[in-house]
Every structure is written in structure tokens, then in C-alpha cells.
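One structure, as C-alpha cells, below. Some questions next.
To keep things simple, chains are lettered A, B, C, D, E and F as they appear, and every chain counts its residues starting from 1.
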Amino acid sequence: MEQLTGLHFNRLLLTGAAGTLGRMLRPRLKRYCQTLRVSDIAAMDPAAEGEEVVVARLEDEAAMYELLRGVDAVLHFGGVSIEKPFSTVLPANIVGAYNLYEAARRHGTKRIIVASSNHVTGFYGQGETIPAHVVPRPDSYYGLSKAFGENLAQFYFDRHGLETVSVRIGSCVPAPEDRRHLSSWLSHDDLERLLVAALSAPVVGHSIVYGVSDNRTTWWHNDQSRHVGYRPQDSSEPWRAAIEAKQPLVNPKRPEARYQGGAFVTLGPFPFAGQE
Amino acid sequence: MEQLTGLHFNRLLLTGAAGTLGRMLRPRLKRYCQTLRVSDIAAMDPAAEGEEVVVARLEDEAAMYELLRGVDAVLHFGGVSIEKPFSTVLPANIVGAYNLYEAARRHGTKRIIVASSNHVTGFYGQGETIPAHVVPRPDSYYGLSKAFGENLAQFYFDRHGLETVSVRIGSCVPAPEDRRHLSSWLSHDDLERLLVAALSAPVVGHSIVYGVSDNRTTWWHNDQSRHVGYRPQDSSEPWRAAIEAKQPLVNPKRPEARYQGGAFVTLGPFPFAGQE
Amino acid sequence: MEQLTGLHFNRLLLTGAAGTLGRMLRPRLKRYCQTLRVSDIAAMDPAAEGEEVVVARLEDEAAMYELLRGVDAVLHFGGVSIEKPFSTVLPANIVGAYNLYEAARRHGTKRIIVASSNHVTGFYGQGETIPAHVVPRPDSYYGLSKAFGENLAQFYFDRHGLETVSVRIGSCVPAPEDRRHLSSWLSHDDLERLLVAALSAPVVGHSIVYGVSDNRTTWWHNDQSRHVGYRPQDSSEPWRAAIEAKQPLVNPKRPEARYQGGAFVTLGPFPFAGQE
Amino acid sequence: MEQLTGLHFNRLLLTGAAGTLGRMLRPRLKRYCQTLRVSDIAAMDPAAEGEEVVVARLEDEAAMYELLRGVDAVLHFGGVSIEKPFSTVLPANIVGAYNLYEAARRHGTKRIIVASSNHVTGFYGQGETIPAHVVPRPDSYYGLSKAFGENLAQFYFDRHGLETVSVRIGSCVPAPEDRRHLSSWLSHDDLERLLVAALSAPVVGHSIVYGVSDNRTTWWHNDQSRHVGYRPQDSSEPWRAAIEAKQPLVNPKRPEARYQGGAFVTLGPFPFAGQE
Amino acid sequence: MEQLTGLHFNRLLLTGAAGTLGRMLRPRLKRYCQTLRVSDIAAMDPAAEGEEVVVARLEDEAAMYELLRGVDAVLHFGGVSIEKPFSTVLPANIVGAYNLYEAARRHGTKRIIVASSNHVTGFYGQGETIPAHVVPRPDSYYGLSKAFGENLAQFYFDRHGLETVSVRIGSCVPAPEDRRHLSSWLSHDDLERLLVAALSAPVVGHSIVYGVSDNRTTWWHNDQSRHVGYRPQDSSEPWRAAIEAKQPLVNPKRPEARYQGGAFVTLGPFPFAGQE
Amino acid sequence: MEQLTGLHFNRLLLTGAAGTLGRMLRPRLKRYCQTLRVSDIAAMDPAAEGEEVVVARLEDEAAMYELLRGVDAVLHFGGVSIEKPFSTVLPANIVGAYNLYEAARRHGTKRIIVASSNHVTGFYGQGETIPAHVVPRPDSYYGLSKAFGENLAQFYFDRHGLETVSVRIGSCVPAPEDRRHLSSWLSHDDLERLLVAALSAPVVGHSIVYGVSDNRTTWWHNDQSRHVGYRPQDSSEPWRAAIEAKQPLVNPKRPEARYQGGAFVTLGPFPFAGQE
């Protein structure tokens, strides 16, 4: 894609740079800044020109403080991004989020764009459409940790003036793979559009945006956050016929089909025993 | 149009197949199923290959039970579709709807797509825009019967898990003919798009969608039902200049111009004596 | 109770006068009118002074026309008031309601107070509180017929200016009998208060009011209809301790405990197969 | 642009014809009427064929009465359009609006399209998105006067049946000039589209529409007024990169960046002492 | 009544002190302050101990500036309080309100309690119940001027931090006199309770409260402003029977019965030609 | 107080029994159960008859598992209840809440009543009134941890059917002490009423209720949770005059006066730098 904003940041920080989305985003983000600092706990590609590569654990308060030094804005993709036991989610996503915000506050970082998740509202039904400002219904420990992150962001804005855009990412994969993705897919290009919009909107306070492409079917709308300026341009439609032909049968009473969070509502060591 | 979904049903039932919309839909629906069963009380074209033609009265409980045998999903266009005395509307649209749902429940039919009507909310004003989840304000016995059908659909979902998409059809004619149609027109192609979306969305519970094309002016929005995935592609705009030139004068105080239901609000053996 | 309004009607009509509520209301209503006409299909006590006793079937259009002659306002308690097969509900509650309204329109009757029912919204949960203007979720054929009645009332007001107050009666029994009644109970005195308020409010259009006493626990609020002026004065609280002691265990996952409509959601010849 | 409606008015009145927008609109409006009457207090170009040029002060009741004679509909762009002392705003925008409506009422003029302003809601934040039906939060005496005009329009519709579309114009300049304009810009062509839509929609009562192009970022949505049929076709996006590069820094805590009204919230002889 | 707050102001200003409500309030307000300054353009009783009597025209900017000197808080009952020609309403209620707020701003006055009016929303129907935050529908020039005053108050809070409670007074008379009053009555004692609540609530920003007693029937609720702490203790109920007996007939189609504003919707030199 | 419910539980668990509220509640709760188990990490009074005293750390997963054995329902008052560094809040309130719910899930405990807090929404203004279902705006790490607990409760209900009532306690002290308490006070008796209501309501799912007495001024309403049946009977009003006289001056621009959370919004090692 062409460069999506006339803004040029001095230094952006991308956390979670060794993850699937992090690796995809790293070359894209380089266009929008003088220096791109990337971090993870796992091995990353060596620093290219204009890049800084830092190994830092989110739960390491001191390391996070150093990581934020000199950073204009953060794209926070670090932490656990799938369902895990609470003991795994806790340090990475809850302690880690706190460490990140506290470091940002102390350094005076202006804005954080957070990879939140549709799993914050995963227990809403696939037969309804919701806006961003609903009561959270997380579908997993992962979703719970992301709901915590959104509340943390609200607090750091109300209390300290640090702005955040929380992006409730749908299914960000190269191409839609199943019938749920037809509604929840977010293309890589649209994710870039959304991140750039979130970085460049002049005033965001704490805004929440669903990260979803312009799919024909969807469960979400972003009418409460038009000020962020996210306009998706991709759609799952070209994949529809093949996916529908491959997966014709959906039992609307099975929890994973019934709720927006899909299979997340049934993951874990224990059986589903909810509203069904 | 090309085929709009990768899904292929074993057997679809189209009621009201001898009606204006039924005749238009019959060849279109054949693409989405192995067998298309069509029914009406009036004479229909003989069955082509892959078709089954059944004469059945909606008010005949036993006939309806037979009609639903082996059906995956129903497109219910049968019954009275214009204003008639209550004694005419009752058997076709109220008793008939009950018979249809009860037969579907007994056979385990999965989903019904109902030709509901904008006349369910016809007493809202042409100077306002409404979503689907408003208190019904039917404008006629016909509108009343369609409101009954929507409540019936909600009941059969809540009680029996039978899913419905109620389509509040605007003015489904080949081309817009008057100034009201500029707002209410639904093209034949968009109706097909909507029916296919309603058939193929994995989870719908009971959803309500206004059946209207992407007209520049409209009184309705479908933001509460984006999960159904209806995206109109046609518009009344090409007909606008000619219609406006032909019909420049509209008296906004006349009931038929003031209310969304148009002339329906004044039909019948008795004069209008409402809010005017 | 003392007389609750300074208004005095020339002739009021009470339908369903042989029913449980009808018999209770008959002596109470006499205070508010010169002549009280009562009707039913079953045997009624003979007419006392100032009373007129008429046997009339709701589904008999001509009889209903005669019944409405000379009537100022109607309290419509006739028809089926429990769950019955649709074929039983239909003539009494749907055809009957139409006949009543059409007769009232032709005679110029000013207002109808209808015994609607909480079963119009019986599929909302006992763990939530709802106002009157929600999408109906009837829990039974009975509830469906009452939802039809409310739409009919809206239509006759919008179209003909005939005013209605639809009273969604909770559990109108002499005293609360079970744990559901602790929330849904309507005392006989409060019903009288509500009917008199509905009769005497100067302007009501079509208003919907939940008929429930001032119970400590409830699922409904009437904030959208304060103009009707219903202020309950009774409460289920004095019966609470005894009922809770007698019925300590409620399984919140059983449909009859989970939904506001209580056991209605499971009545009928078929098993519950809904959202559970 | 091509002519946007098939309607053709006998006589349209454009007030404020000597102003920046008035001069731009004058040749465009000529297409939609037999006679275009233009008025202002300042010098205007002489009348071309099919034009009538009238000098008239808005605060001159008699002059306004004469001005409205024979007029089908009004496009009211007269009055003060920037922040001024209250004593300047009052006669032009408050007394003038009254005179205009009173003259229109007496002549039976059918509809007025008013250049209202985003400054009616200028104290909402740039970090939120609002619909038209919010509590006004004017940011200036100018904004206050426009809020008065909207209430006046509502009154003349409710009381006298005179219809109005109030257009809350954003930033109507040839091209976006700064970062606020990226959200608030209204192109000249889109203004024409909006005015024509407002003139030709059959029923509008009193409707409010934000006058803004289809910019990627915005603070407003018009979902409550889709019946007016405004569909913008322009966007600030082509100017974005250059403007963002030129104006990278925005301090979201400064009042002019924080509120939708921009610099208007700080204009005047006194310092800002509000919610900051 | 006993003194309703432990707060004691140094100097309160009561405008409109020669009016009906002003004369009633003057002795009551004395309890809450060291000095009560009262003003009007008409003759007032001479100053008692602890009182200051000032003759001042609201439209006299200099006089208003002097009037506000040394004032802690204002109870603004001055101006026109019934329907009058716009030329009469304008100086007193629009220019006068501006002069009052501007003087208060310059003196640093902390809070203004304004006698606004139910006529700001008088075109809502008597058959509906509304909260404070609705789109204004004024029923008169008087109502328009009060809507202006509310917007002015919002502006002076957003822009200058000057707090206001706008009190939409119903019918503040010694006792209810007609059927409309049964819903709209505000007792003198309840008005005092409301004014004291508005003066003593620690934070109000710009809050709107309907000034109405705890009448059984009403069209308004104050749930959006519970922070102000107004709890009415009087009711129109004791007058109901007599009033209903005296005024049994109300034609709900007559504008004065149909709209909340009552007869105001039909006052003036011109006939009603609105939505009827 | 008399016993407030006819229900009698076999075993209730009260966590935080050594805290201020825990000590107050312990004797009150004994009335509602055969056995009252109390727990804390600090010293508690020895077990009286019908009591079990257990020392258990919330962050000790195994200890919590043992603690929940044989428990019908939990009143969770354990953890940190004032603002503390995040490292202190985390183990007690976040890890502890998880341990509690996970233990309850494994034991099949039916319901948990949680001492949540008004600090979950502490950044809403004192000049507005909010219901329970708003976007959280926590004012502290403490408030953040309570928001986490509410989301956790929603998750355990949606996923496992474990019911919770989250009680957003205001200021639960023996008597109101300052002007904020006049709005936020919750009497000890009303807390008992609320807990008993929450324990005995048959169906609650996850419900949120503000724990506040029937104070004349308040910022909260519980209309969305009337099904829980909380009816406060106490009020801060008797303390008002003395408190207002003692604390007449409140600067509405200071954060602690401006926000509902009061001084919590400014606590901590860092200065307030938010929306002020």
C-alpha cells in the first residue's frame, strides 16, 4: 500500500514483533517513522536500518520503562493472543499492560494503539449487531485480559491524559478460512489502515474500534468512533462461495456457532455450561 | 445475476408462487437448491425439472403439513399482500402463518424467510428515519397481519429454536413509479440478494430487515441487522428526475404523503380519522 | 376502596364479566358510572340496579356491534386468559378483539382499556428489568394474541383516533402464591387503581402499562407511561417470608424460572426446545 | 454538476447572496427555478435573466415581508456567519430569523433550508461521534443564535406546519486547509447536493442534517435524517497527506483541538475558562 | 417550611421579585442568606432588614452589571412569563438573559438557578412521558426564549464554568385549577425545595430539572438529574376529584388538550395550523 | 433489623471478615444460614456457635478451593478496599477474584455477591446521573480491579452459569461525614437489605446494583436491576444540615469535587493530569 498518512513519527514502538501480526506489521510500520523500535521475548530478525530491536518481557517493569524511552507512540501487539490458563494470561496481558501504561505515563508517551480483541464481547450472539459501547461479555481469560486493558486505557486517559485507541481485532489472517471469518475477517491491509488512522487522528481520548474489514456480513459497527476515521476497503466476499460450499452446515445451537467469539467460548479444561 | 452463495439447499419451498413476486422469484431461486417446491392456491406454471408444484391453501392445516415435508427452508410469499377486509386477511395471513410455522416445527424445518412488510411500521412519518426495533405502528389490516407474523416468528424461535428473517419489503416493483417509491423501492435483484443473505447467514435467531434498495432517500436503516449481511446494490436514483418532474407537488399534510405507509393509511371502507 | 376519580361515566362496558377478574371487578366498577353493562358467554349474575347483562360472543360481529351501542368506554376482560391451542385462542382473542374495535369505531366509543398480559413479553429473562416499549417476545399463543391486540389498538388510534390503554397484567390473584408472584403480583385494589387511572387520564393515545403492584422485586417499570398516572399501593412483601420458606429452591436454568413468563414458556403439547 | 433534481421551482429565495457561500451558490441555484431572488445588505452583482436582486435587512420586518412575497422556498444564508459580539449577532441572526419565519408564515411559504452550523454542537469533543438529536452545546454567540434558529424552525413546524431542513454546515471552503477541516470539510458540490436534497424531499417536518462531505474522519453522522437523502460524494482525503505533513502536531488538551467547534471555543474578548 | 439546607449564602439575588412567584419566594429565600437582593422593573415592597431592593431592567446591560455585584448566586425569575409578541419577549427574555449571564461572568458569580419552563417542550404530547434531555419543541415565543436561555446556560458553563440549574416549571399556582394542572402542578413548597436543592448541590454543571410536584399523573421524569436532589413532597391528588367532576370532558384531539403545553400551543394572533 | 428473607441457607461464606464491613456484617449474616463461614488473612474473633473461622489468602489457589467447600453462596468482601499500588491490588483483587470464582465453579457454588465499588465508574461527573450499564470509567487501581471482577463475574455466568450480583458500594460508613457522602452514603442496614435481596432473588444472571441508600441527592439509579429487589430505607438527609454548615464551600472544578469517585481520582504517587 501507499503511505497512508502525511504524518511521520520520530520513533514508534511495536511490541509483540515476533508474533504473527508483529512480523507482518514490522515492514509496514517502518514507513511512518524515522525509527521503528520493535520488541518481544522471542527471537526477532536483526535490526535493519532505522530499526531498533529490543528483547523485553512485558512483566518486567524496569525493562518496560527502558523500552518506552524516547517513544512517540506505541502499537501494543505483545502478550498472549489466544486462550491460555489464567496463570499464563495474567503476567503477560494484565501485569504487562500495567507496566506498559505506567512506563508510558512516566515518559510522557502520547498515545497507545492496543490490539484488543472481539473476544471482549465474544458472548454476544452471532444473530445480533452491536456497537462498541456495550457491557463487555468476555468469552475467555484472554478476552477478560483484553477487557482489563480497555479499562486500564480509560483510566490512564481520564487520570493522566494518555490517549488510547483500543482495536477489537476480529480474525486477522491472510484470507478468511471458515464461515465465522466471513463476518469477522480483518485483512492485513485494513489493519494497517486502522492503525494509521488511530495514530493520526488528532484527538481520540480513549476510543474503541472493531477491527474488521468491510465484510458483507458482520456483527459489529463502528458508528460511535467515526472520529478515528477507519474505513476498511477489503471484504471477505471473494472467499464466500468456496467457504460456504465447503462448510454448508452450521448448527446455530452449538455454542461456537451461536456466539460471536466462536470456538473461544468452549476452549479450556472445562466443558461449556453456560446459557445453553 | 450470478449465484450469490456457495450454499446449495436440498429443497426450498416458495409459497405464493403464483403471485407477482413469486413468479419473479421462482426461476431465481432454482439456482440455490436441488429441488424447488412452489405452492399457491392459484394456477402456476407446470413443474420444470427440479421443481415440485403444489396447490395448497395456507389455511388448510393438513395441506400445510404435507407441504413442509422434506423442506430445508421456506421463503414465505403466500397470503394476501395488499389491504383487504379483515375477514380476508385473517385466514390467509394469520391462520396461514400459524399453519406454516406449526408445520415447520413438526418437520424440524430450520429457517423461514418471511415476506413481511413496511406496512408493519407504516404510521411512522416520512420525515423520520427508523431502525427495525421500534414499536410497530401498522397502517392497515394487512400491516397488522404482518406484525402478527413477526411476533409469531419471535415466539417460534424463543420457544422452539426455529429461525426466521422477517423482511419488511418496501415497494418491490420492476422500477420506481412515484415519489414514494424513490424512498421505498426494492429492486428485484436486491430482493434476491436479501433472500440469499437471509438463507445463508449462519445464525439469525429472529432478525428483522427492511427490504429496500440503496436509494438515496429512505426512511429505514438496517444497522441492527448487519449480521444478516444484506447489501443492496441498486438505487431509485436513475428514475428520480423523471418522477420528480412528473409529480412535483406533494402536500406533506395529506396522510398518504405524511406517513411511510403511503396510501395504505387511507385505504378501506372508512375515512381517515387519525392523528391528522 | 373509596371512589378513585371524580369522573362519572354514563355507561361503561365490562367484557368477560363471568371470569375471575370480571366477577371481582363488576361491583367495583359500578361506582364509576351510571350504567354498567357487563357481558360474557357464560352465565352471569342477574342485573342489579344500574346494570345491564348481555350474553355476547366476541367472535359474533353483529352481537359485538349491539354490545357497544351507547357505551362511553370499555374494559375488555373477555376472551381466553390462559394458554390454549391456537384454534381456541384465535376466535376469542384475535377475531374477538377485531370485532370489539370495529364495533367501537362504528359507535364512536372513546376509549378501550384492554387486559393485555405480561405474556406479551414473557420470553425476557427474570434476571433483567424492561420498560414497556420493547420488542414483544410472547411466550404462548395466548401471549401472541395479546401482542396482536396491542398492535390492533395502535392501529385504531393512528387510523381512527380511538384511544387504548393496554394493561400488561402480571399475576392478578387475591394473594401471591409462589416465588414468581413475589415479582409479578397485582393486587385487586391496584388493578382497580390502574383501570380508573386509565379511564380518567385525559389523553392516552395508545399507552402500555405493566399491571403490577409495588412489589419489592419486579421485572418491569412504567417510566414511559407516567402520564397514565398509575401508582400502585400494594406489595407482595408481607407474603414473602412464608413463600420463600416454602419454596426455597429455584433452578435458574429451568425455563419456567428463567423467563418472566414463568410456566407459560413450557405449556402446550410440545416440549420446550428454545434458547435453553 | 448536472442538475440534481427533476423538480423545478417557480421562485427560490437566497438570502446572504453577497456572502462567500451566497456568491458561490447563486449560479448553481439558478438551475432549479424559474426565478431566483437573491438578497443581502451588501452590494450584489446585478440581476441576470431570471434573477431578482433585493437589498433587505434581516432585522427589517417590513422588508422581510416584501422579500418573501411569491417565494416557494428559501435558502437562508443571510446573517452573521462568524463569531461576533452578541449585540451584532442578535439583530441579524435572532431577530432576522424571526422576521424571516414570520414573513414566510404569512405568505404561506412551504419550506426553508437554513444554513445552521456545527457550532450549535461545538462543545462536543473531537474524540467522539454524535448524531443530530443531541442536547445543543453551542460554542459561541454565533452557535447560540443558530441553536435559536433550529428551535424556531421546530416551533414554526409544530405550530404552523412550515417545514425546515436545518443544515449544520461544517467547514464549507473550496479545499480543506488544516487538520480540523479533514474532519469538518464540506465541499461546494456536496453543499449543493445537500440543498437540493433538502428542497426536494417530499416530507421533512423539521429535520437536522450535518453538512459535511464524505470525509474519512468525522465527528457526525446523519443516520437520523436519511429521509432527506443527502449523500456526499466528495472527501477531504486527497488533501490529507499534505495537511498532516504541514501540521503534524496537535495538542489534544488545547481547547481548540479538543472540541469539535475548533477555534470558536476560544474566540471573544475573554479567555477560555471552561471545562479545561 | 423549616430551613431546607445547612448552607447559608452571603448574598442571593432574586430577579422578577414583583411577579407572582417572586413575591411568594421573597420571604422564603430570606432564610438562606445574609442578604437578599431583589430586583424588578415594577414596584416592590420596601427593603426589610437584610434585604436590598433594586429597580433594574433586564435589557439594561449596565444596570444588570451593577445588580450582580457581590452576589453569590442568582434565582432568575425576571422577564416575561406568559406568551407575548416576539418583540416583547425578545428584550426581556433573550437580551435580558444575555445581560444577566454576562454580568455574572464578569463578577465571577458561581451559580444561576433559572425559571425555565415546560413550554420549552410544550409540543410533546400529553399521552407520552419525557425526560429532560430531549430535542426542544417549544410551543410559543415564550417557550422559545426559555429554550434560548437553556442553551445560553450550557454555553456559559462549557465556556466559562458558570453553573446553572434550569428549572422547567410546570404550573406553579397555589392549588391546581384544571385537569392539566393535575399533571403539571408545582406547589409553592416544592418550588422552594427545588430551588434550595439546586442552590446547594455541590456540582451541577448545566442541569435541567422539571419543576413539578409528585403528582400521580405527569408527563415528565427527572431521572437524568437525580444529582440535583429534588424530591417533591406535594401532590395534586387532593384536588383531583373536584376538578374531574367539574371538568369531565376533554377532547384529546384539540391542540390544547393534546399537547403538554396546553393552551400555549394555540395562543397568539394566528390560528393553530400545525400537526393537527 | 428483623430477618429479611424466608430463605435460610445451609452455609454462607463471608470473605474479608476482619475488615470494617466484614465485622459489621458477620453477626447480621448469621440469621440467614445454618453455618456462617468467615475468612480473612487478619485475625478474627473466634468462631461462635454456627460459625466457622478460616484464615485464607485470596491469592492462595489451594486455600481458596478448600474455603469454598460446602458453600451455598458467597459474600465476597475480601481484598484491598482502598487505593493501593497496583502491585498490592493485583494479588488480592485480581488473582484473588479469579481464585474465588474458579473454586466456586469447581464446587458448583450457586451464587456470589461481590462488594464491587462506585470507583468502577468514579470518573463520571458529580453533575450527572448514571445507570449501571455504562462504559466503566475506573478512578484508581482499586476501581480497575473491581471492574475486572465485574467482567470476571459476567464471564463465569455466560460460560459456567455461576450467578453474581455485583454491588457497587458507595460510602458504607455508620453515618455520612462529608458532602460527598450526602450523595454516596450507604447505611449498614441498607447494605444488609441489599445483600439479602441479592441472595434471595430467584434469578440474577450477572446483575449490577449501586449500593447506595435512599439519599435525596445521588448520582446513580438502579432502574436496570429492579429484579434484584433492592429498596433502600435510609437516607443521608438527617445529617445534611450539619454537614452543609460545616462544609459550605465546594470548588466544582477541583477533581475530587468534580468526579463521582471523589478523592480517589487524585490519590497515588503522581499528580492528577487528566481532563481537568
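What we mean here is this: a contact is a pair of C-beta atoms (placed from the backbone, for glycine too) under 8 Å apart; a residue touches a chain by one contact, two chains touch by 3 or more.
Labels paired with UniProt names: A, B, C, D, E, F = NAD-dependent epimerase/dehydratase family protein.
This structure is a prediction, so every number in the text was calculated from the model and none was measured.
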Shortest path length from chain B to chain F (each step joins two touching chains): 2
Shortest path length from chain C to chain E (each step joins two touching chains): 1
Copies chain E and chain F - rotation angle from C-alpha fit, nearest 5 degrees: 120
Pair sharing more residue contacts (C-beta pairs) when A-B is set against A-F: A-F
Whole-Å gap separating chain B and chain C, where each centre is the average of the chain's CA atoms: 32
Centroid spacing, where centroids are CA-atom means, of chain A and chain D in whole angstrom: 40
Cα-centroid distance, chain A relative to chain E, in whole angstrom: 51
Touching two or more other chains - residues of chain C: 161, 223, 275
Chain D - residues contacting chain E, complex: 86, 90, 94-95, 98, 102, 105, 123, 133, 135-140, 143-144, 147-148, 151-152, 154-155, 157-161, 265, 270, 272-275
Of chain C, residues touching chain F in the complex: 125-129, 179-180, 183, 215-221, 223, 240-246, 248, 250, 252-253, 257-258
Chain E-facing residues of chain C, complex: 3, 5-8, 161, 163, 197, 200-205, 207, 223-229, 231
